[in-house]
Every structure is written in C-alpha cells, then in structure tokens.
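Should a chain be cited, it is by its letter among A, B, C, D and E, assigned in written order, with residues numbered from 1 in that chain.
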Amino acid sequence: MFDFPKNLEIGYQLSRLMDGWVDWVVINFDPLFRAINAGVLALLVPLEKFLMGEPLSYGWPQWLSMPWWLVIGVTVYIAWRTAGRNIAILTTVLFLLLAILGLFDFAMQTLAITFTATLIAIAIGLPIGIFGAKSDKMDAISRPILDAMQTMPSFVYLVPAIMLFGLGKTPAVMATVIYAIPPLIRLTNLGIRQVDKEVVEAAIAFGSTSRQLLTKVQLPMAKPTIMAGINQCIMMALAMVVICSMIGAKGLGIEVMNGIARLEVGRGFLGGLGIVMMAIMIDRITQSVGKSRESKVT
Amino acid sequence: MFDFPKNLEIGYQLSRLMDGWVDWVVINFDPLFRAINAGVLALLVPLEKFLMGEPLSYGWPQWLSMPWWLVIGVTVYIAWRTAGRNIAILTTVLFLLLAILGLFDFAMQTLAITFTATLIAIAIGLPIGIFGAKSDKMDAISRPILDAMQTMPSFVYLVPAIMLFGLGKTPAVMATVIYAIPPLIRLTNLGIRQVDKEVVEAAIAFGSTSRQLLTKVQLPMAKPTIMAGINQCIMMALAMVVICSMIGAKGLGIEVMNGIARLEVGRGFLGGLGIVMMAIMIDRITQSVGKSRESKVT
Amino acid sequence: EAAKPTIKFADQQFESQWINNAIAKFVIENGYGNPVETIETTTPIMQASLTKGDMHVNMEMWEQNIIEWHDESIAAGTLENLGATYEGGPQFFMVPQAFADEHGIKTIDDMKKPAVKKALADPEDKAKGLFMNCVIGWQCAEINRAKLVTYGLVPDHYNIISPGSSGAMEAALAGPQKKGQGVFGYYWAPTAIMGMYDWYVIEEPAYNKPCWDEVGKSRDDKTYIAKEACAYETLPINKGVWSGLKDLDSDIYTLLSKMNVGLQPINKTAAWAVDNEIAGEWEKAAVYYLKNNENIWTTWMPDANAKKVKDALAAK
Amino acid sequence: MAVESAPDIRISVRNLWKLFGNNDKALLQEDWVKTASKAEIQEKTGHVIAMREVSFEVAVGKVFVVMGLSGSGKSTLVRALNRLVEPSDGIIEIDGEDILQYDNEQIIAFRRKKIGMVFQHYGLLPHKNVIDNVAYGLEVQGMEQLERHKIASEILDKVGLSSWEYSYPYQLSGGMQQRVGIARALALDPEIMLMDEPFSGLDPLIRREMQDELITLQAQVQKTIVFITHDLDEALKLGDHIAIMRDGAIIQQGTAEEIVTKPADGYVKEFVRDISKTKVLKVGSIMKKPKATIQESQSPAEALQIMKSEGLDYTFVVAETGELLGALNLAQVESAVEKGFETSNRAINKSCPRVLKYTLIDDVIPLVAKQNTPVAVVNDHGILLGEIEQSSVLSSIASS
Amino acid sequence: MAVESAPDIRISVRNLWKLFGNNDKALLQEDWVKTASKAEIQEKTGHVIAMREVSFEVAVGKVFVVMGLSGSGKSTLVRALNRLVEPSDGIIEIDGEDILQYDNEQIIAFRRKKIGMVFQHYGLLPHKNVIDNVAYGLEVQGMEQLERHKIASEILDKVGLSSWEYSYPYQLSGGMQQRVGIARALALDPEIMLMDEPFSGLDPLIRREMQDELITLQAQVQKTIVFITHDLDEALKLGDHIAIMRDGAIIQQGTAEEIVTKPADGYVKEFVRDISKTKVLKVGSIMKKPKATIQESQSPAEALQIMKSEGLDYTFVVAETGELLGALNLAQVESAVEKGFETSNRAINKSCPRVLKYTLIDDVIPLVAKQNTPVAVVNDHGILLGEIEQSSVLSSIASS
C-alpha cells in the first residue's frame, strides 16, 4: 500500500560518518588514552598481583605479597564483621571450592578487574547521581543516556575500545564501567531524593549550607540505597566477566571461553559457576553492609 | 607456606560428569525438547510473520497480514492510550527512525523473540513468584538459583541449548527466558509481599479464601510492581538480542555482529542504536502501564 | 519447485567466508533452485549445529583450530570433509609494514631487539613486548605459544594476550595500524584486515614435517618445549558438511564436493570488494567472481545448471 | 473461673493469651512465663507478649471499648476475635460457640456472616471503586453483582455516600473513606463489629461528626461492637463498657463511672485524669438526703415547725410510699397556715423540678443553674431519693 | 494598612500569600486570583493556594497558636517564617527586619541564630546519636565538638534526657524523640521557636506530659513561639493568642476568650463547640454588680436598712476609693447595731474570699462550690468590681 520509507543510503552514510569519528578519535587522542590506560593499569596491576600472591614489583621480597590463605582469611573476616557468621561461613566454603576447582587465580584476576571497575564507577557515578538528584533537568537528560548505556550491546563499544586501548585490561574495565554504572547513578539519585523530606527540612531549618546538607544528611541517609547501587554495580560488572576475558582481561571468563570453544560444556559450566560463586559472595557481603544500617534506621 | 588446596582432578572429573549429563539429556529427552521447540515456534513464527507483514501461512492472501504502517499505527495507539501523548510521539519518531535506517524488519524479528520470551517468562515466573511470596522456604531456596541464573554467563548454556533444541529461535528464546526471568520472579514476590498488610487483613476479615485473596486483592494491588518486573524482564531480554542472533535467531543483533566483524563500528553502532530505541520505546510504554495505576493508588 | 530443500550455510563472520557463501548461494539458488540461508554464528555454535544438521555447510572449516572436534565428528559419522574450497590460507606472524621498515625487521629473531620490544611494550608489564595471539580455545593459540617459546621470545621477551573473538582480534590489529603504531600478532589470509593495511609477514624457518611434529607435542603439553619451530604449513581450507546433506540433496552435495574457488581469484575478489565499498552486499562480490572466473566455476556442475547460472549473471 | 454464658452474652473471652513467636504454645506451658514481665520474656525467649490472661464479656447490642497506650495489645485482642491473630491459649466464645475450634471453612463462614471489621487506615481495596469495596464481603460469598450492588447501594445511602459509588478510594477524604469502611462492614449485616481505632486518623471536627453518626447508626442497627481507641472522650461518648489494657493485660474494666471513680491503680488514674467528671458521674453519686421531708398528711403548721427547727426555707413533700409530690417554700407554708389548710398537700408546688438518679451530672447543670433551691432526685417510680444543690454540683466539677 | 511595629513585637507578618506552582508571583498580579476560591485557582492554573493574605503579629515571649483542618495552610505559614517555603507575596518582619529580603548567607545566619524549629515527625537525623542531633545546629556553625557537646549536654539535662546522649533516635520512644527535637531547637538558644504539630503523633498520656513540660520550660526560657496544632485543648492550654485558618486564610485571631465568645462564623463556632467554656472565660465575664454595697463610713443601722430594703443577707463593705474591705452578713449587722458600733467597719469579716477579675472560671469553681455566699471580684488594686454566685458559674458551664 504505502512504501516503506527505508532509506539505506542515510543509514550507510551515518555509519560511515561514525566510522570516521571513531578513526578520528583513535588517531588524534592517542596520548590521552595512553594516559588513561596507564592510570587504570597503575591501579589494577598491583591489585591483581597482590590478590594473586605475587610480589608487587620485581625484586620485592615474596613476603610483601599476600598468600592465598591470607586473602581468604581477610575476606572472611570482613564478611564476618559486616554480614555476620552465616555469610562468613558461606564465604569460606565458596572460597575453598574456588581453590579446589583450581579457579582461585582466575577468580582473583576477575576480582581485581571488578574492584577497579567499581571504584572508577563510584568515582564517576556518585557525583553524577548526586547532581541528578538536585536537578530535574539533569535527571531528564541523563535518563535516556543511561538507558542506552545499559541496552547498547557491549560488543558495539568493545571494538572502538580495543582500538583505543589495545587488547587488555583497560578496555575491559572501560566496558565494564559503561555497563555497570547506570544502576549506581540511578540509585544514588533515588536514594538522595528519597531522604525523608522532614529531615532535610530540619537540616535546612538549622542553618545547613547546601554542602553541609549533602555531606551531613543526604549522603549518610541515602547510604543504604547507594550501597544497593554499588551492589548492583558489582553484580553487573560480574556479568561482564566473560566479555572482559574476550578482550584480553584474563580471569574466570577464560575458563568459560575455553570450555565453549572446545565444546566442553562441563568446563565452561565450572568457569561459569566460579563467576556465580564470586557473585553470591560479593552480593551477600555488600548487601548486608547496606542493610545493617537500614534496618537500624527504620 | 601452605600449599594451595587446588585439586584439578576433581574439577576435571566434575566437568566430564557434567558433559555426560548433558549428553544423556540430549540423547534421551529428544522428543520432549522437540515438542517444546514446536510449541515455541508455533507461537513465534506466526507472530514474526505478522509483524513483518508477511502472510501467516503460504497461500494466505496478502491482506491477511499486517503492513508496516499498521504495526506502527497500532503500537503508537497503544502507547498513546497507556502512556499518553508524549510517549506516543516518541514511539512514532523512534519507529520512523528504525524504518528509515532500514532496521524495521530486524526490529520486528527482535520484537517477536522478545515478546515470545516475555510471554513464556510470565507464564513460568508469575506462579513461581507468587509461590515464593507465600512460602519463606521457597523464597530462600530460589534466591541463590535466581542469582546463578543472572550471573551465569549465557555462553555457558547456549551450547547445551543448541544441542537440545537445534539452532534457531527456540534456544534463543530459552536463553533469553533464563536470563530475563529472575527480575520478574523477584518483583512478583516483592510486590505481593509489599501489599498493604491492613488491606490483606481486611480481605481476610471479610471471609476471603486464600485463592480469592490472591486474585482479588494481592495480584491487582501488586500489579505496579509486577509490571515493573515485566518491564525489567523485557529490558533484560533485549540485552540478549546479540547473543540470540549468534544462535540463528536473526534480528537486530545481526547488524551488530556484521558491523563488528568487519570493523565497521558505525554499522554496529546503528544496529545497537536500533536495540536501544526498541528498549526505550518498550520501557516507556510498559513502565507507564505500571505507573499509571500506582500514581492513582498512592 | 518449492519442494527443494533449503541449504543452510554457516556464517562465522569473516570476509572470505562471506564471499564463498555468496558464490555458493548464487550458484545454488540460480543453478539448482534450492533456497539458501546463511546463519550468522560463532565457531562453537557452528560446531554444535553442523553435526546436528541445523546447519548444512561450512565453506571454511579451518579444522586445524578445532581438530579434536573435527576428527571425533568425522569418526562419529556426523560430519564430512568435502575437500578444499581453496588451496590454502597462509597463517603467519606479522607486523605493520611501516613498523618493519622502521625497525629493520626481517626474521623472527629481529623481534628480540630492545627497540622493537620497547615499541611493542605490554602496558601491564613494560619490560616485555606484547604478542596478539589468536582466539582463545583455537588450536592456533597453543601452536603460536609453542612456537614463540621455542623461538625464545616467550617468556623472556614477550607476553601473550588472547582475544575471545575474531572481531576483538581484528580490532586489536587495526587500532595500531590506524594510529601508525606497531603491533605484533598472528593472522591469516585471505582476510579484510590484510587487504585494508600493509603488513609485513615475518620470516620463519620453512615448514617441515619433523619440526611441525615437535611443535605439535609442545602444543599439547605446555611443559614441553619444542626443539625447533617453523612456519605454518599452508593447508587447504576445506568445506565441512553435515553428513546428512547427501541424502537431503545429492546434487548440491556433488556440487559442493567439486567446488574449489581458487586462492588467487578469491584474493582478487576480496580486494575488489574493499575497493568498491560494497557495504555488506556480498552478492556483488559473488557476481564479480563469477563473471571473471567462468572457466573455474563451470567445472563444478553440469552444463544445464551452468546455463541457468549464466542467465542469472547476465541479468545482473 | 469459667463463667457460664448468660443467654444475652454475645462475646465471651476467657483467659486469652498471645505470645508472638514460633514457640508460643509450648512456652505457655512453662510456669515462669505466666508471671514474667514483657521485657523479661522478650529477652529470654525472643517472644513478644501481646495478650495476657484477657477475660471479658460483651452483651448483645453493647459497645465494649478497649483503651490503652500504643503497644498494649488492643489490636491483637480485637484481631483475635475473628482469628486474624491466632491466640496462644484461652477460649473465645461467640454466641456460645468456641471459635478457636473452628476449622478453616467454618472460620471463613463465620467471618462472612457474623463479624465485620473496620480498620484504622480504612483497609480499602485501592483498585476497586466504592461500591465494589462495600460489596466485597458479598462478592467473596459468590453473590451476583446485581444483587450485591443493590445491597451495597442501600448501605452507602445509609452512611451518606450514595453519590460516590463509582469513585475510587483515593478520590475520597479520610472521613469518607472510613464511612466506606463502616459500610463495608455493615453490608454483611454481621452481629458483631470490630473497630480498631476507626477514627484515629481523622481531623477533630470530622472525627466528632463520625462519632455522632456512629451513635445514630448504632441506635438503628444495634450491633455488638468492640471498639478500640486511645481517646478518652471518644471512649466515654461511645462505650457502654470500657476496658483499659497495659502490656497485654486488662488492668481494669467496667463502666466509665466505675473507672473514673475507682481507678484500679495509678496508671488508670493518670489515664482518666483529664476527664470531666460531670460527663461520667450520675446525679445519684452527689445527691444528699434532704434534712427533712413533709408527709402529705402533715398539716401546714407541722410543716412550718419542721422547717423552722431544721432552718429550711424549702422542702419536699412526699406520699406515704415515698413518692415525691411537690415542694414547699417558707412563704407558701406560712400562707397555708394563715389560710388554715388542713394538709400541706394543698399548698405545694407540684411542678417542682426533679431529676432521675441515673442522669449524668453534665445534663442537669442548666437546670440546677437556673434553680436557687435544691433539686429533687427521684428513681424511675418517682420515689424521692435525695436532693442536689448548686454547691454539690460545683464540688463535683471542682474535684476533677 | 502597614502597621508600625511596636518595639515589643517580635514577628510581624503582613499580607502574606503563597501559591504553590511555577508561576506564582506572576499569577498574583492578576486580580481575579485574589478573590477566586482555592478550587477555582487550582482548576484554572494548576496552582495550589496555601496562604491568602495572612497578617498577624506576635509579641516577644508570647505563644501564638495556629489551628485549622488538614490542608488549611498551617505548615506553609510556619515554614514561611524561616523561609523553608518562599512566600509568593507579602512581608515578614522579624525584629523589624524584612527577612524576605535576606540573601542566601543572611538567611542561613538568621536560621542559625534566631529561629529554631520542631517538627511533627521529629525530623531527627537517624544516623546521628542524640547528642549529635541536638548539637547539629551548632555543628553546622563550625563549633568544636567538645564545646557543642557541652552545650547539648546541658540542654539534654533540661529536657530530662541526660542518660540517653549516646542512644540513637530509633532507640527512643516518640515522646523522647520529640524531646530531642525540642532540645535541638533550644540548643541554638533562638529567640523564636516554630513548632509544627510537635505533639500530634504522641499517645495522649505522653502528649499531656509534654505539654506540661513545654509550659514549665517556657516559663524558664521565655521564647517567642509559633505553635501549630489541631487540638483545641492543646491550643487553649498553651496559646496566648490563637489564629484559626481555613483554605489558607486566617479567618479569626484573638485570645481564646474572644474566639470562644465571639466566633467569626459558623466554621469557627463548630470548631470551638466542644470546648469547656470555664477553661476560657474569665471571672470578669460572668460577675454581676452587687445590688448594694456598704461604705465603711456608714453606720450599722444604715447598713441594716440598706440590706433589708434590698432583701440581702450578705453584702460587701468598701472604702471610699472603692477598695473591698470585707463582707457583712445580716447576723453580724444586727449584732453590731445592738452593740452600738459607730461604723460598720468594726463588724466586718475582713477575710471574706475574693478573686481577681482575670482568673479563669475553672480556677474559682472549688472556692465558689464551698462558699454559700457570693464571692467578691476585685481588680489588681483590690477595688471591688462585682460578685459571682454559684448559679452564675453553673450557667456559664451549662451554656458551653
């Protein structure tokens, strides 16, 4: 009846245009991206070595590193203090399972990346979330962008990321940050907006400046929600583990890739199980950090 | 100091065992999975043809199909009725964009799969969620399983899924359901648990049976939260589009894959943008279905 | 003739396969009247599907990379190898041509030069260079490692990094080329990336069987170091088909078993495709190939079918 | 101490206990629990005691008011009456049947027929309109829409919401929502109504209005009502009987008068401190015996002598039966003596004001204020019981 | 009608308007808005009117109570006083300065020094302990922890929470939390306290206790208080002045007595209906002129004659200045005549009870109840103004 208004030429030109932009960025901003790369690695590489029990730098004595049992011990201790006995036991069991299955080193690589990505996400996402809570306009603008970040398939931005950073951990961290930051921003925003209006009024009524209001009232009170955002952020980061491994970031994803490439379903599954165990462990610990406060407050 | 308690033999045996299970299931349950496959396709194929403006069956007249402008028209009408003028305009613009960029057919294929997967997820997830809300034990058991479903990399279960269902739309739908069902179950559970205790008490006090309580009170009142679960479910399903395309389900993911494989970032990006547009469209419409009730109620 | 079965081709998302699939599709659809479907996929999915008949044909199996599966499947009777699609895809180590010129790289030993290493430094471990391996899980990844160890590049001079997909591998190679920087990796031809940029293929000792057996031992046992290493054998790129294809349509089976497109013509076609920006319309490349290589493709089929193909070509 | 239910007792609760927790029944077997404090039980067992040996009876058609501070167990008590809360121990007899023995079907039938409930926050179904909310109890019984809407419609008329049938709860003010809540309970025409702080959330003006309406309604429908409030004035206004709870136990129950005049302990005393006694006390409680009365048969001269000797200038004349016939003042007696009447009877003022013993003091104040003489207090048969004066009324006001 | 602020006026509000919406100031330029109803404005413009031409003054040290139903604009009004709500139009002068002209820094300084606020739901910081909550206003001023804790500690002492300093709000009962809220406001030692329904959420017993404490505290600290409530008794108990709001406008303001005796309209009348008048009315409002008085210079015989002719058996003796010297009853006069005293003065009962004109009726009831004779009403200088009798007190009670 009507003809389809398809105009492939437009699509083609558009995609060429974008290719051009990407090339332009890749070629012209190399120093910038090198610097970013160096920055991320400066954080990530020592962390990874530390977790894997390697000396942080050549020539350092071995005892300046962290043996596997100490990593487990410290984590279990943290779990115990923040989340109670049950979670501590769960953590121990899962850790030992990881170790027995020979996934410990992979898990530590994954942990290092996840941790770094989360740190960067917090450093970027928290201010954006706060700003979004204060400004409805900012909120309206950021909403579709966050939607896009979450639904845009990561494959799409992996290629430019690899061109910019080369294979390795940095593009993995970047892709993870892009994918994992939206819930943190959203929940920070929500958390601050949800702070009891009367308490905010009280703080203003007693002469808080807006900065004092933020640091002394809104952030502390939004903490449970923000912690939930961080928790979500970590969970989403863990969902990127396989993709990270695809672009050279090592970790548990390697096992999955290897298993799949060889059609060894079981091996892939074990690798996947490793990721699941890490996720459950981290989830339970971070969740209870948020909750313990919340349950006290309400 | 201590030795690593790694026991690769265990891991190896375990993975072999699992390989064996998968083989056993593949071989022995073939008829079952054939039947499932047929069922899914019986739903999906006509839907896809319908959306793409093809006659539902060979020999049917062309006018028994839905031309592209009618698909757009109907969707925009739905958007307008449920979500108001702004969203309707947004929907129109996004649809026309999809059409102009030549992504309309791909989008309809993706829509068909997403829709089918969501339907199946609702059919399975709603009862599970309801049951979880009634039974704390069920809730405790299902929680780690849902965690695992969300964090287990989909690559891991794709291969067994293909072995079971063969290549094509069915394993794509299955993988999508596995990945997308947890938020639906969680939010259904939460929604029912959150229903105002006093209203539930009132319904009981006036002599409701537990079935009446569920259908006349809890489900209608949990609707906003359940709708949010469905919304999340659809969003997660859209996150699987590229992976679906990898296993023969066609759709927008193909554009992404092709773009990436040829290092045509722009093309991949346009494909990804198609997914994002679909996501925003569906998100806004389904979200307002949930919200319009909610804002009335509270 | 709607009754003819659809023939399903695997599309693993690389250029030479796209061209070959397009050629086969054109020939089959126009010459034989079977519908043809190409299924976009990844290697593991292809493996799981081809032996079940969800896909029928893979025009480029690269079975060395998945040799265990290949051999097992042939033995199990689920897969057939229908012989070469073209004579051989070379596999090699390479650096950008400009980089090779700048640093005077000729042989694999030149890669140990401190200046080269420094230019290729691994950002995570600045003391060493970085080598871009092939996809995780493919045999070539282990072979490359074995060779580099024997050449003395690993672990003292280079770290190895492995991408998880061919797309990532290409991006990792293309990025430095765009920036005019160095990169050291493994690749093969014919491929788009080889057409797009100038590469220098690093000289290695020539292929010989005893050497390759040594490499093979090291490939399978990480702890073993091969006594010698050498360049890849140039192996034919074979067609793999589902063992049920013969029963499904024996004419197509016969066609495919005869189909050999030839390395040079394919390379030319690929170059033409790049020059003409065909934007994913691989049929154009197929038509270009068929128009220019009639002498080759007419040998694949009976005259009656060839006539139909010619008619279709004439209409283009 | 099982009390045999008298025929007109609708609700009889005996020794009801409730411990919130998983092990409540077993715990109640342990002796120390029966006497331990709430805090002690909670600390030792993690169980919260919400009802402790609660016993009371409510007669047909009466309003039983339960009061107490937040957390004292009022809601638990009222919810136990329709088994929204499962008591840990004790007996609840409704019309002589122990509802704690009911199985699931019986309890549902019981809830559908016998007992309605009104909630503090209304507990309306937000997704149903007003008429469907009111008809909900009928709907779950399987009644046809036409029929149940007819009934609901009538009830909505009664509570003055007939034009709001198709509105949704969120469109109504709090007072209107609570009217829907009451209508919903009335729609089932139950014998018993449970009302858990039904007016607590309302503005004071609207609250008073609702109380007045409830009183009017109750005059028509005569339900047996258990009413929770923590407002004293509300309790006095509505309640026939009042029970005061603390920490799960009923520490005192009785009429308002009993509680105000004889508070069981300091807590109750504090509770009723602000109450205006004249709204609680009856005339009978402040009347005095007249110094002297005149028999109708006595002559004016005798009367004059009695009055002089007692220093009275106003006195009452009674029949032999003790019935009040009228009053005499000094002037009247003197003129009667002058006129030579044989009996005082002829001189008396027969229309002298009199009040019944059971009248609230508050209600006689206008009369007493106008009257410079004492006012006679009589019983239902007109027998003179005593007299009240301005000063005694003022004293009763002053002592509150 | 700008009123020049008298020196002892602390808060002066003139013609304050508030429309909630984005276009409030512009809208107020349109004439029709000034007279349109709330519903009309909302329908036509989407703006909600919350204050309409509000004007009032509060003198130093006084308690100004604002009453009204939910949504009448009470909270908006009180929040405007420290600019938590930005008025659309009008003037707010605090100690003569128009605070609406303050810039951001000035308003913060003003909030830190001059004005404290107490919230209905306490508005405590849940993540800070009690002492840090109380010290919050000092903390934001940059005071050192040691110093501010010292001050907070003293205040907590004053409100009786000294042993709870390191507890968290969630560990406290509602009444205790509100004490923290009050302490927090007092810690700044502000001249003005804004209290928005501070006791509405509390149980009645605790609520009364808090009111009493506030009265005690106010006697010590003498703040200027704006107090919101919708409880009439609370308003009477605490307020020097009362304003009643409806739909954003103050429909009446004045003393409790003025409002109770001369309600501006039916709404106010309904509002104060339940009030016990004796708690509002002063003795002066029900006193009568004595039929006759005796001058101290008059002789007993003259006095006797006056009393006989007026039919009095009890009367007051005054000096020439009008000052009350004492009372005489018939018996006393007669015996004075017998004894031949020259002046009535010698016979009088100098200790006869007297009450001040400004005493609440409620407070004299015990006295009047005991007294069979009229009670004298005098002013501050002892001048006899009138007398009250039991009957007049009872009439005033009856008419409420």
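Assume a contact is a pair of C-beta atoms (placed from the backbone, for glycine too) under 8 Å apart; a residue touches a chain by one contact, two chains touch by 3 or more.
The structure displayed is predicted, hence computed values, not measured ones.
Asker: Starting at subunit A, figure out the least number of steps needed to reach subunit D through touching chains.
Answerer: So the least number of steps between the two chains is 2.
Asker: Return the chains shared as contacts by subunit B and subunit C, ordered by label.
Answerer: A
Asker: Tell me, please, which chain's centre (mean of its C-alpha atoms) is farthest from the centre of subunit B?
Answerer: E
Asker: Validating interface symmetry: for the copies subunit D and subunit E, is the fraction of residue numbers used by both over half? Same or different.
Answerer: Both copies, subunit D as well as subunit E, present the same residues to each other, with over half of the numbers appearing on both sides.
Asker: Write down the pair of chains with the top C-beta contact pair count.
Answerer: Top of the contact-pair ranking: A-B.
Asker: Let me check something: if the centre of a chain is the mean of its CA atoms, which chain is farthest from subunit D?
Answerer: C
Asker: Distance-wise, how many Å sit between the C-alpha centres of subunit C and subunit D, to the nearest whole number?
Answerer: Once rounded, the distance between the two centres reads 94 Å.
Asker: Report the inter-chain centroid distance for subunit B and subunit D in whole angstrom, where each centroid is the mean of the CA atoms.
Answerer: Result: the chain centres lie 60 Å from each other.
Asker: Per the centroid of Cα atoms for each chain, what is the distance between subunit D and subunit E, given in Å?
Answerer: Centre-to-centre distance between subunit D and subunit E: 34 Å.
Asker: Would you please write down the residue numbers of subunit A that are in contact with two or more other chains?
Answerer: Touching at least two other chains: 155, 158-160, 242, 253, 257, 260, 263.
Asker: Please output the residue numbers of subunit E that touch at least 2 other chains, ranges allowed.
Answerer: If we look for residues of subunit E contacting two or more partner chains, we find none.
Asker: Find every residue in subunit C that makes contact with two or more other chains and list them.
Answerer: 44, 48, 167, 171, 174
Asker: Determine which chains touch and list them pairwise.
Answerer: A-B, A-C, A-E, B-C, B-D, D-E
Asker: Mind pulling up the subunit A residues that touch subunit C in the complex?
Answerer: It comes out as residues 12, 23, 26-27, 30, 37-38, 41, 45, 58, 155, 158-160, 162-164, 166-170, 242-243, 245-248, 253-254, 257-258, 260-263.
Asker: Can you name the residues of subunit B that touch subunit D in the complex?
Answerer: The touching residues are 196, 198-199, 201-209, 212, 216-217, 220-221, 223, 293, 296-298.
Asker: Could you pull out which subunit D residues touch subunit B in their complex?
Answerer: 79, 82, 84, 108-109, 111-112, 115-117, 119-127, 136-137, 139-141, 168, 170, 184, 188, 194
Asker: Spell out the residues on subunit A that touch subunit B in their complex, using ranges where they run on.
Answerer: 1-2, 4-8, 10-11, 14-19, 22, 67-69, 96, 99-104, 144, 147-148, 150-153, 155-156, 158-160, 235, 238-239, 241-242, 253, 256-257, 259-260, 263-273, 275-276, 279-280, 283
Asker: Which part of subunit D faces subunit E closely enough to touch in the complex?
Answerer: Touching subunit E from subunit D are residues 69-70, 203-206, 208, 230-232, 270-271, 273-274, 276, 365-366, 368-372, 390-395, 397-399.
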